[in-house]
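What follows is a set of structures to go through.
In what follows, subunit A forms one complex with subunit B and a second complex with subunit C.
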Partner chain A sequence: MRALRIFLLHCQRIFEYRLKSFIWFLAPLMNSIFLIVFWRAALNGKSTVTGWTMSDMTAYYLLLAVASTFLNSHVEDGVADEDIRQGDLARFLLKPISYYWIKFCEETPYRLLQCVYGIIFVLISTLVWGNFLKFSLSIENTILFIMIVVLAYFISFTYKLSLGLTAFWFKDAKGLHSALDVVALIFGGAILPIQLFPDYLQKIAYLTPFPYIIYYPITAFQNKYSINILFQIIGFQFFWLSIMLIFNRVLWNKGIKIFTAAGR
Partner chain B sequence: MQQYINIYRRLLKINFAELLAYRANFISHLISSCCWTLFQIIWINLLTYKNQSIFGWKKEDLIILTISYVILSGFHHCFLSKNFRELAKIIDYGQLDSYLVKPVDEQFLLSLTKVEYSQLARFLLGTVALIVTLSKFQIYPSLIQILSYIFLMGFGLVTIYSIWLLLSSLMIWYPQINNLVGFLFDLTGVSRYPKEMILKTNNYAIFFFLPITLIAAAPSRYLFNKAITGDTFLLVLECGVLFIISRLFWKFSLRFYTSAS
Partner chain C sequence: MSIIQVENLSKSFKSYKKAPGLIGSFKSFFKRKYYEKKAVNNISFNIEEGELIGFIGPNGAGKTTTLKCLSGLIYPTSGKVSVLGYNPFERKSDFLKQISLVMGQKNQLWWDLPPMETFLLNKEIYGVNNKDFEDNLEELAELMEVKDVLNVQVRKLSLGQRMKCELISQMIHKPKVLFLDEPTIGLDVVMQQRLRKFIRTYNQRYHATIILTSHYMEDVEALCKRVIIIDYGKKIYDGELTTIAQKFSQHKIITIVFNKQIVRKDIENLGVVKFFDFPKAAILVKREEANKILSQILNEFPVADINIQEQDIQKIIREIFTSGII
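Presenting the complex of A and B:
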């Protein structure tokens, strides 16, 4: 109940910064639009590339714009800069809710607002580019898809929070963050669907947690998997989430011991 | 003019001293810029993995185009972009007053005060990648071609600067959109695509981006010997026009600066 109240308070807060939030949404959207235009021109005359039709590609990149704003948490900079480096973390330590859930309640409303922008855009673009996005999921597949989305968000949030917690040890972890961002973008399917990667890169990508954050939720929505495969994806998502949570706990327990906050 | 050269020389020294004072920070930013350079090279290789020729551009042409964008962005991030990130803060916190009362052109100070030397890694890695790509695909440009390429890259850089200044001026009216600079990075990224791609879409909303696609494409064409006089002329023209418009718009926007944070 307390967490819900905090969540609702943050929901009110995000509406103060609607325009700013919209600009954050524009960046991945523009990248997706240009990738669609690229593939439209590249596939001129050919209908498919490795089983992907142009309609699939258009849907993939538009859903990518929505998924990368909705499912990609950006909690790490706030945790590292404001909470750990500037010492704001001290005020959270005495609160009766864990730091993990406080940050979750802070971050989630921003992601939901971005998701709303995304849905509005997808609806508009359906009018512009035609009916490329067909919702053909059965009830069972829809339920499993929702589970995949929720788990994807938790993996992303826990991973980014852990990344932020590395600030307990590093003064400036921009290099580390950039390296991991690059890996996440490539193996998360932000450039093109993983199925279109060279074989060796596909094998590497499937061994990382990144496809489970963006790629699988998108392709699950596109109805590319049978129920068995969807269960497998959920199983792997639970596996990665457990690893992330353990890693997060270890970082928190070790980091909090060396944290100091000074003030008057 | 000499006064401005002297000031800039001093600014370069101050920024270098800052680099020496915060060495860990420098190394961290250096790793970051190397990672993003690598990303751009992987990006184009993945996109062209299944496509050997697109819009009349061969795979190697598109790789050279992306590398040219990397080199340009190296210069841009080194000498200009950090200043725009600072500009967002300066306007948001109402600190622009101190720049406006100085006996130096405020646009000069706001655009060139900060230098991020770590970003030169993009330029260096890009140049190495360009040389490797040219020799891999057996493209041997003449000295005139190389000089034309460098000359036009200069125009490309000024064009990027002008677009950034033009759009950043909007922050005078809307200081709360200080994340606009983040969007500008992605906007500049459009220059990785050839203009033929935009022309093929027949979508008027996307035609708006056409000038950006000339920034890296026009110089790149000189390297693989496909220079089109029209593109060169258009880039020089748009560079001049955008520079003047951005300057006028910046001056106009300052009239609305209220100094409150």
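Presenting the complex of A and C:
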């Protein structure tokens, strides 16, 4: 109950930043619109590419706009610059609550608000441009899809938080973050669906945690998997989340010993 | 048993030196000369429950680093620290619920929301029940005289109001141990006095243990009986504020009121004349000669009143830091 009350207090706070949040939502939206236009031109009358129709493609990119804003946590720069480099971490360390959960409470309301913008956008575009999004999931699939989305968010959040924690050692970790962001975007299916990759690149992508953050939640919503496959995806998500949490703990336990609380 | 025990605490920071200019930057890109700076160097002290201690020293003396070690923010390089029976670096929840570290220059309030929202957040974080929260807030807001701004956006508050709300937010859980790092910095004289009054009241009412660092000696003089002075990371004094003069000052001041006309020249051979405006004069004399000169004045001059005093405490401390009397 206490955790929920803390979370709700942070939710209240985001309404003060609704405009800022909306502007940040526009960036992935523009990206998706651009990619839809690109694929319309690229397909140029062909009905499918590796089994993907234009309708599938449009739905994928519309869902990508929502998934990129909701599932793609951006906690790393704040952790690195404000908390570690400028010493703001000091104020969290003095509180009887874990840093992981307080950052989770700070970050998640933004993601939820952006998700609401995304859903509104998808509903409007479906009304305007046709019936691209068909919700055809059974109850079982829907439950598994929700689990996949929740786990995807936890993987993304834990991964980005860990990236931010590298600032204990790197003075300017932005270059590292940007380089890894590009890898995450490509292997996460944010440029094009992984199924359209060359075989060798697909194999590499599936060995990384990134498809489990955006690609699988989108394709699960598009009803592309059987129940068995959905369970497999969830299993791999638990695996990656465990790896991320261990990695996060190691970074935290080692980093906190060299934290100087400079500037505080 | 002391509530705070510090034994041979040391904390070093590793840093590197860079020669100025482009060539210096280029060199440091390939090879860096690292050096270790001892911010806190083997200090020990004990503090009893309910004490209000002044922790003083010039910039970079190691005051804030010591407070950070005591509150568990940073790991010490060596030494033992115990606060309320806990090892601060373990940052156990029960320990954190009983302490607070307030840093005057830093804002922990939510900038775009009223202070009340941060108070409510801290209430949940510290697990304070509704009744205690209401009582504590009522009392703290009254002591601080900020009842009317609790629901105004933080960014619209004055610096003084913000600082007071900052203190409330850090004390909503009624900490038993309070570390105050420059709490009055940047505040005007009236606000400084109010904050001092608040700190004194909190200390007396709750028997709270408080360590205060401040650049303003007025804060320390007004609040602390005992002071710990550190410089270059080393403890150079630990004792009553009033005995600092006896230990460090080489001089005393004799103030005299004459009842017959004399001129400044008549008293110049007694010591350094700090002030002369007939009938009043003040002479700075060597501590060991003070009694002798006092008798000489009484014997040789028409004295209506005479007084012997220690030097101003602020001046002595300034002298300690500038002349290196250790």
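The rule is simple: the second predicted complex is superposed on the first by the 261 of 264 C-alpha atoms of A that agree within 3 Å, B and C clash if a C-alpha of one lies under 4 Å from a C-alpha of the other, contacts with A are read in each partner's own complex, and residues count from 1 in each chain.
Going forward, contacts are C-beta pairs under 8 Å (C-beta built on N, C-alpha and C of every residue); 3 or more make two chains touch, one makes a residue touch a chain.
These figures come from a predicted structure and were not determined experimentally.
Taken together through their common subunit A, the two structures put subunit B and subunit C side by side without a clash. Contacts of A:94 after superposition: subunit C is touched, whereas subunit B is not reached.
Of the two partner chains placed by superposition, subunit B and subunit C are both touched by A:17.
Shared-chain residue A:6: touches subunit C; no touch with subunit B. In the superposition on chain A, no contact is made by A:203 with either subunit B or subunit C.
Touch criterion not met for A:249: it reaches neither subunit B nor subunit C. Once the two complexes are overlaid on the shared chain, A:257 sits against subunit C while remaining clear of subunit B. One of subunit B and subunit C touches more residues of subunit A, and that partner is B.
On the chain A superposition, the C-alpha centres give an angle at subunit A of 90° between subunit B and subunit C, rounded to a multiple of 10. The gap separating subunit B from subunit C at its narrowest, counted between C-alpha atoms of the superposed chains, is 5 angstrom.
In the superposition on chain A, the residues of subunit A contacting both subunit B and subunit C are 17.
Of all residues in subunit A, those touching subunit C in their complex are 2, 5-6, 9-10, 12-13, 16-17, 90-91, 93-97, 102, 256-257, 259-261, 264.
Those residues of subunit C whose C-beta lies close enough to touch subunit A in the complex are 13, 68, 71-75, 91, 93-94, 96-97, 99-101, 103, 106, 108, 110, 112-113, 117, 120-122, 124-127. Interface residues of subunit B, counted against subunit A in their complex, comprise 24-25, 27-33, 35-36, 38-39, 42-43, 46-47, 49-51, 54-55, 174, 176-180, 182-183, 185-187, 189-190, 193, 196-198, 200-201, 203, 206. Subunit A meets subunit B in the complex at residues 17, 19-20, 23-24, 26-28, 30-31, 33-34, 37-38, 40-42, 44, 49-50, 171-179, 181-182, 185-186, 191-192, 196-198, 201.
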